[in-house]
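Reviewing the structure listed below.
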Amino acid sequence: MSHNDIIQAAGLTEAEVTGGTLAVHSPIDGAEVARVRETDPADMAAIIAKSQEAFKAWRTVPAPRRGELVRLLGEELRAAKDELGAVVTLEAGKITSEGSGEVQEMIDICDFAVGLSRQIYGLTIASERPGHRMMETWHPLGPCAIITAFNFPVAVWSWNSALALVCGDPVIWKPSEKTPLTAMASMKIMERALKRFGDAPEGLCQLVIGGPAIGEALVNSQDVPIVSATGSTRMGGIVGPKVAGRWGRPILELGGNNAMIVAPSADLDMAVRAIVFSAVGTAGQRCTTLRRLIAHNSIKDDLVAKLTKAYSSLPIGDPRKSTTLVGPLIDHASRDRMQAALEKAKAEGGTVHGGKTVTSGVPQGGAYVEPAIAEMPAQTDTVRTETFAPILYVMGYETLDEAIAIQNDVPQGLSSCIFTLNMREAEAFLSAAGSDCGIANVNIGPSGAEIGGAFGGEKETGGGRESGSDAWKGYMRRQTNTINYSAQLPLAQGVKFDF
Amino acid sequence: MSHNDIIQAAGLTEAEVTGGTLAVHSPIDGAEVARVRETDPADMAAIIAKSQEAFKAWRTVPAPRRGELVRLLGEELRAAKDELGAVVTLEAGKITSEGSGEVQEMIDICDFAVGLSRQIYGLTIASERPGHRMMETWHPLGPCAIITAFNFPVAVWSWNSALALVCGDPVIWKPSEKTPLTAMASMKIMERALKRFGDAPEGLCQLVIGGPAIGEALVNSQDVPIVSATGSTRMGGIVGPKVAGRWGRPILELGGNNAMIVAPSADLDMAVRAIVFSAVGTAGQRCTTLRRLIAHNSIKDDLVAKLTKAYSSLPIGDPRKSTTLVGPLIDHASRDRMQAALEKAKAEGGTVHGGKTVTSGVPQGGAYVEPAIAEMPAQTDTVRTETFAPILYVMGYETLDEAIAIQNDVPQGLSSCIFTLNMREAEAFLSAAGSDCGIANVNIGPSGAEIGGAFGGEKETGGGRESGSDAWKGYMRRQTNTINYSAQLPLAQGVKFDF
Amino acid sequence: MSHNDIIQAAGLTEAEVTGGTLAVHSPIDGAEVARVRETDPADMAAIIAKSQEAFKAWRTVPAPRRGELVRLLGEELRAAKDELGAVVTLEAGKITSEGSGEVQEMIDICDFAVGLSRQIYGLTIASERPGHRMMETWHPLGPCAIITAFNFPVAVWSWNSALALVCGDPVIWKPSEKTPLTAMASMKIMERALKRFGDAPEGLCQLVIGGPAIGEALVNSQDVPIVSATGSTRMGGIVGPKVAGRWGRPILELGGNNAMIVAPSADLDMAVRAIVFSAVGTAGQRCTTLRRLIAHNSIKDDLVAKLTKAYSSLPIGDPRKSTTLVGPLIDHASRDRMQAALEKAKAEGGTVHGGKTVTSGVPQGGAYVEPAIAEMPAQTDTVRTETFAPILYVMGYETLDEAIAIQNDVPQGLSSCIFTLNMREAEAFLSAAGSDCGIANVNIGPSGAEIGGAFGGEKETGGGRESGSDAWKGYMRRQTNTINYSAQLPLAQGVKFDF
Amino acid sequence: MSHNDIIQAAGLTEAEVTGGTLAVHSPIDGAEVARVRETDPADMAAIIAKSQEAFKAWRTVPAPRRGELVRLLGEELRAAKDELGAVVTLEAGKITSEGSGEVQEMIDICDFAVGLSRQIYGLTIASERPGHRMMETWHPLGPCAIITAFNFPVAVWSWNSALALVCGDPVIWKPSEKTPLTAMASMKIMERALKRFGDAPEGLCQLVIGGPAIGEALVNSQDVPIVSATGSTRMGGIVGPKVAGRWGRPILELGGNNAMIVAPSADLDMAVRAIVFSAVGTAGQRCTTLRRLIAHNSIKDDLVAKLTKAYSSLPIGDPRKSTTLVGPLIDHASRDRMQAALEKAKAEGGTVHGGKTVTSGVPQGGAYVEPAIAEMPAQTDTVRTETFAPILYVMGYETLDEAIAIQNDVPQGLSSCIFTLNMREAEAFLSAAGSDCGIANVNIGPSGAEIGGAFGGEKETGGGRESGSDAWKGYMRRQTNTINYSAQLPLAQGVKFDF
């Protein structure tokens, strides 16, 4: 399908995608595919006020009813899966299967959130005083700003908004400036759900498009208690303290520098498949992309040989073609950063396989590259830095303790994994003395988390958690209640105060 | 008992309480009771390094074994309850019953933490992929700095350290400069527990004494992942963003401006008793002290009359005397701030009952005051400000919605309560549209929380939670694990990537 | 719609509803509406074996995938809501709104179960031994027999099967002999879901129709580990011990004798509405039907007057008419039992209002009755007995303790409620010394539970729990795992055994 | 220490251990060591009534206060650990380390229960109706009968009573007729705790001594809602249905036939140590004793050789000697059953190593045996039968599926384990298609569970759970509450019923 066909199939009108100030280019061929209107920073106060107004109404709507909206969203997403996936491909350059997979993730989180809407479990708690009852309840907190990055242009929004909406919080979405169309297409879908739902307050789900001024308005507003921001560590390092400084709650999903340890007992064929997908998928632009391979010295050369062989046969090109596995980088600047990193790696003693710019057999105008493998003599500064491109640094190790030390010795703490068939190694990797990441897997790569688990990481990854488990608590306020139904007034801890 | 006797009974040696640079005065009579040594800021790096070293060992000690240390601490606290309570009285000026109550709170949290040490429950989670298992585990996070305030000189430390220790984290305690003796006495007790325990790593529990430079070293160190700080909103507003900015985790327990709504149906006698204790107890220097009384217009005058009568008979004086209910303020500056606030309140149209400085019948040198009641025409700026002294601002209301709006219209969000026998009012107060505080009670005052519930508040109170429920999660890192034990490598969300 | 039209609209073919040995009569007019085939008891062994076979496959299907089947079931139920509700009306005699409400309950539980399918949370648990990990996992248990009663001919099946299927258990449904058509219509819907799902094992959801021999085969089979039986206490008293005796797990939902306490402070208008719905709805044939009214002496006469007035205006008749509120009893035997109970009540000193057989303005052939109110001098044997008909026994009380004692002094323990605006009364009723029922409500009637809570009761009600909260655990087996990944073999409790 | 010294050291008076009708023999030497008084069956009604009376008071004591009693019990147990352990040795014949270990288990569960006493968490749940609140609370259920077996004469009581007491239930303990002294000694300890506690209701903890008539009184009484029974499957098969038949709640911990699978990759030295302890410890008389060894054919002979060698060096004899590892069987009848089983095994084709009666070097009068290893050609009827003695049946296997099938193909379902270093095997064993037992371990034996996990098993083991996780729910009743605080009366599922 042509760019235009994709845009139209997603329900965006000519008027919506032309005449604006923000030019949208497809990484597939660099073509400008739309010019969309940006939100005027001066309007942000009104937008936030509307969200607060919506909050007043939405917080008293019973949660299972709020869940019905999310259920309808899930239904509409199912119906529009291919169309929305295509916009993801168009705008983020993901291959078709990954574009669809991202929409599937949206659908999954909707299912989860619908179930959650009849739970939102707090606790009843034993009180130490006769005639007293204690409980803990979770209440809506208020508007939730969702700042998303280009590489998961829709899933991250849905993770946050499905939970936030069920939890009673209105949402304001600021997508990446690189992917406004997927955001607009998602809002079309949400609007259909809202229409079927019927009586949601106006302003419950808002979209704001634009640059830093828009984001700052959300980050700085006292009336936006939650700011969920996905992106670079640099961005998060600014947003986090700002939100904290005005008593808001940041939920940060920042950079990863994800590693795999491959032990001698590993199923190497399986490892190779996992490595290729997690290092090369989404052209190395997932926050959970595999960036560091820590292979036991006894199998390292063999593994690298298998990988370079596998890499050499990967179909690179137009992500819309069903056979393509490696699509374009998001833009040429990204490719330049990749090349610079590879140069640095070489300067540090690394041996680089692949990594060249690809210009033949691919759509012209896009930034296509061969995924790179860089065998490194040690974990250098370049290795410790997250470069958002398909570079896989390879290092050797001798003992598991050493491998874990290498794994942990980076500033980021998102995802990690080990390939081993040895249960002692697997368990040690998952133990308190093992990986320091928020995600630690065994015999699967670092990427591709299921929505049932909490997603996020430690250290410079920002500490936020989204998606499953009790990540929903991040969108609510906790209240501890003690109810005295007796006619006495005993004090806790046996304190006496009689006058 | 004399000051010296109290100090000796707590096990502090002459050498420990003399010759230092930090003068300790008792609020009872302003006497200098000790001069203790301060930690050299230059030593902080080594202290933190020692804590990190202890962490490496402690994190692999099984949690139930870690719990045994806390159990022994509980035993030792039981044995030393009166002695430690007396130091609290000496140094913080609390009446005897409250000093003991604070130690009881330490004991309670130890009991709770011991049970927790065999739980620390994570989740096993259904995976969407065949031959896969998912789980969530909680791991120790690292050294935990505990910065405490003068008004709960020991309980707050124990809340944090009992949990942190069971969770696998070493602790570094920086007490208020006003209360180093209680900290030192607590460490004596902890040392006895450590000795009985046997093989805890050195540096597991450290005490640092001193001023801002000491605190800053903890706040700024990358090697102190958790900073639990209790104190003023001003302090927290600095600490929070700093810790967040270096990817640490702040747990903030800051100011409160706690209110009680008294409805027409309230049991007024019970309300009066609750008000007096929670407004006057600890001389109004609890973070949960009742500061605002929002009384229905139909009963307001009657209630104020009862209160002024009750206030007039409160025994003010030496907190060591068993009959005393109102001890001294922490210092004269505090008294001056109280007087200034009362002046402002008058200027804003308030009518003040009581509040005078008391000089007769009380130990000379201390800052004794009559607790004050200030009837206010509206919720003015002075009312919105937390003054750490026994001032109770009284306002009227007509409808419950109005009362809740007044309750919520302050920057702080710690504790709150309603007195009513009407279940509709009680429930509305606890609902999503009710109190916006972290604690909301019915028919008990805002202070005196049990340790079984999570303690902490919203907005400028800082959002931290300590003590019961799942507050322990704040001391650990969450890890999401997916284990593939099959010989297949399916991707989540049905993504296909075959090469 | 005619009986036939309803049957056809539900997708049942002529062949399916004729020629069988089980005659189905509609309580609306007593007409025989179908003759369906009964399962040959000799086939039960094969049916159970097929279920076991399905279990072997289904238990390894990932739970979220199992959830997808339930999600599709929910979709199909939404699409067929009116048609299935109409069969409920036809066969059980429920009014239209209740027929639809029952299907809505099916839909709700599907939503809940879908969310659950990504949870099924077990625990990870702190181990006391170094290098050990503990966890608790929940595994499928095996075929689940679901024995349902006529009064909730479809909802109870869905409560059980939505959970059982997500939990990994095949189901075998034995509906009441009075309502095979609703069961067959439900299976049509399930088959559509199964078809869309694709690869479920054959025999996952089976229906068996017939009498006691069929039920006994399920109750007695070692290969049916779970027997969920809803019905009379007499039935449950036989099934429970039999299943327990062969090491199976019974989930019993038996009789209720549900009461409401009306306190002096109650909102009487609201109470009247709640009483009428919960005493009269489904013609008094819900297990949660209100059967006993315990009214404070000060308001009892007024309340009875309001009730008799309200009762006198209730539209009794054809349940298919949108204005009807009281449909027929299930059969004439039921009406006879009602009349006999009223006679006994009179003999015990009761004063009966209403309760007469209705023959005019109603379809001929049905067992229509006026709902009855019986003012009783005390809680007699007749009051203590559950008569499945719209009889409301009224008793007075003086103190709340007395009211609670009356409430608890029956053999059943399903549902209960209090109407009061006094929070002390409300809380006392919910406390450990309050209602002894599995369900205890405040200011709503005893019936009409939401699916988010666990449903079931104590004492002769059988102790089972279904629907929400962690009722799903009843369909699974719990496994406690300790994994030693160290090279040591420490024993628990410090036991030494060195050889 | 002599028998008498042990009895006296445990605080039992001459009067208490003489003159009764129940003769107590020590398995050490068969000597009669006491004659204790039996409870008159005619007194059981009064005993149960007293328990019910205690319940009325105890249920309203706040749970943390109830926990204080259990904490004191833990303290007293710590103080009396050696003395009580010695009585266990005297009366049950356990070696000293195991006697102490059993008391340690009592202490551990007390610690756990104390923490639990500030939790007893129910849930707050999102309601689908505006102005409604839902929650689930757990309430005390009533007197709990605890029927224990000789082999864990004190731990099982403490598991049950620590939880029951914290949960608000009085307990009535019927110990094995073989071990009344340990029960009496435990009650002495409990009495000390009760005395320190102060105001517990009379009859909170009662002991009844005697035979079947005593047990039946508990099993049959409507006023004993919980019957926790540990012992044989035969006993449980009678008790379970009886209790179920009168609407009580049985908690059954019955027989086990526990297996270990030893895979080719297993650490054989570790396996040998685990096998010896778990097959031979407590002379094979634990419910979790290892009875079946399923060894991969490639290592089976080697393993058996190592085992027979290890067995040959085990010190058999007086359990009071610190070097002894194998004490006596409980009595001569037990030895005879062991011999009979070995004969049968031989007749079925088995090869038996060891198993002979030992008469030299052991105290005369006791039933001492060599532990036996029986290599079996298949899993015969004898192997499928639990013989309460140290017989280890050994079978070979070729594939893991086959091993798991053998493991599961017995009527019992208590404990199980696998020794393997292969993570795929370990995980498969723990999966839904793996072990069907309540306990499944990796690289540790089937016995020696920690108290933090739920303890119990499936199938003929009875399905009960005790000790950790949420086993406490078995001692309470669950109540689902919906509170309507609005002025409206919406019905669930959108049902309309307006009159």
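For the reader, a short list of remarks on this structure follows.
All chains are identified by letter, namely A, B, C and D, in their written order; residue positions are counted from 1 within each chain.
FYI, a contact is a pair of C-beta atoms (placed from the backbone, for glycine too) under 8 Å apart; a residue touches a chain by one contact, two chains touch by 3 or more.
The model shown is predicted, which means the values in this text are computed figures rather than measured ones.
In this assembly, the chain whose C-alpha centre lies farthest from subunit C is B.
For this pair, subunit B with subunit C, the centres built from the Cα atoms lie 48 Å apart. Inter-chain spacing, taken between the CA centroids of subunit B and subunit D, is 42 Å. Residue positions 60, 64, 108, 117-119, 123, 125-129, 132, 136-137, 423-424, 426, 430-431, 442-443, 450, 452, 468, 483, 485, 487 of subunit B each touch two or more of the other chains. The touch graph of these protein chains is complete, with an edge between every pair of chains.
Interface residues of subunit D, counted against subunit A in their complex, comprise 60-65, 117-130, 132, 135-138, 420-424, 426, 442-443. Of all the residues in subunit D, the ones that touch subunit B in their complex are 64, 67, 71, 108, 111-119, 133, 423-424, 426-428, 430-431, 450-452, 468, 483, 485-487. By the touch criterion given at the top, residues 56, 59-60, 97-98, 100-102, 104-105, 108, 123, 125-129, 132, 134, 136-137, 139-140, 168, 237, 240-242, 244-245, 247, 249-250, 267, 270, 273-274, 276-277, 281, 310, 313-315, 325, 426, 430-433, 435-444, 448-450, 452-455, 458-460, 462-463, 465, 468-469, 477-485, 487, 489, 491-497, 499 of subunit C touch subunit D in their complex.
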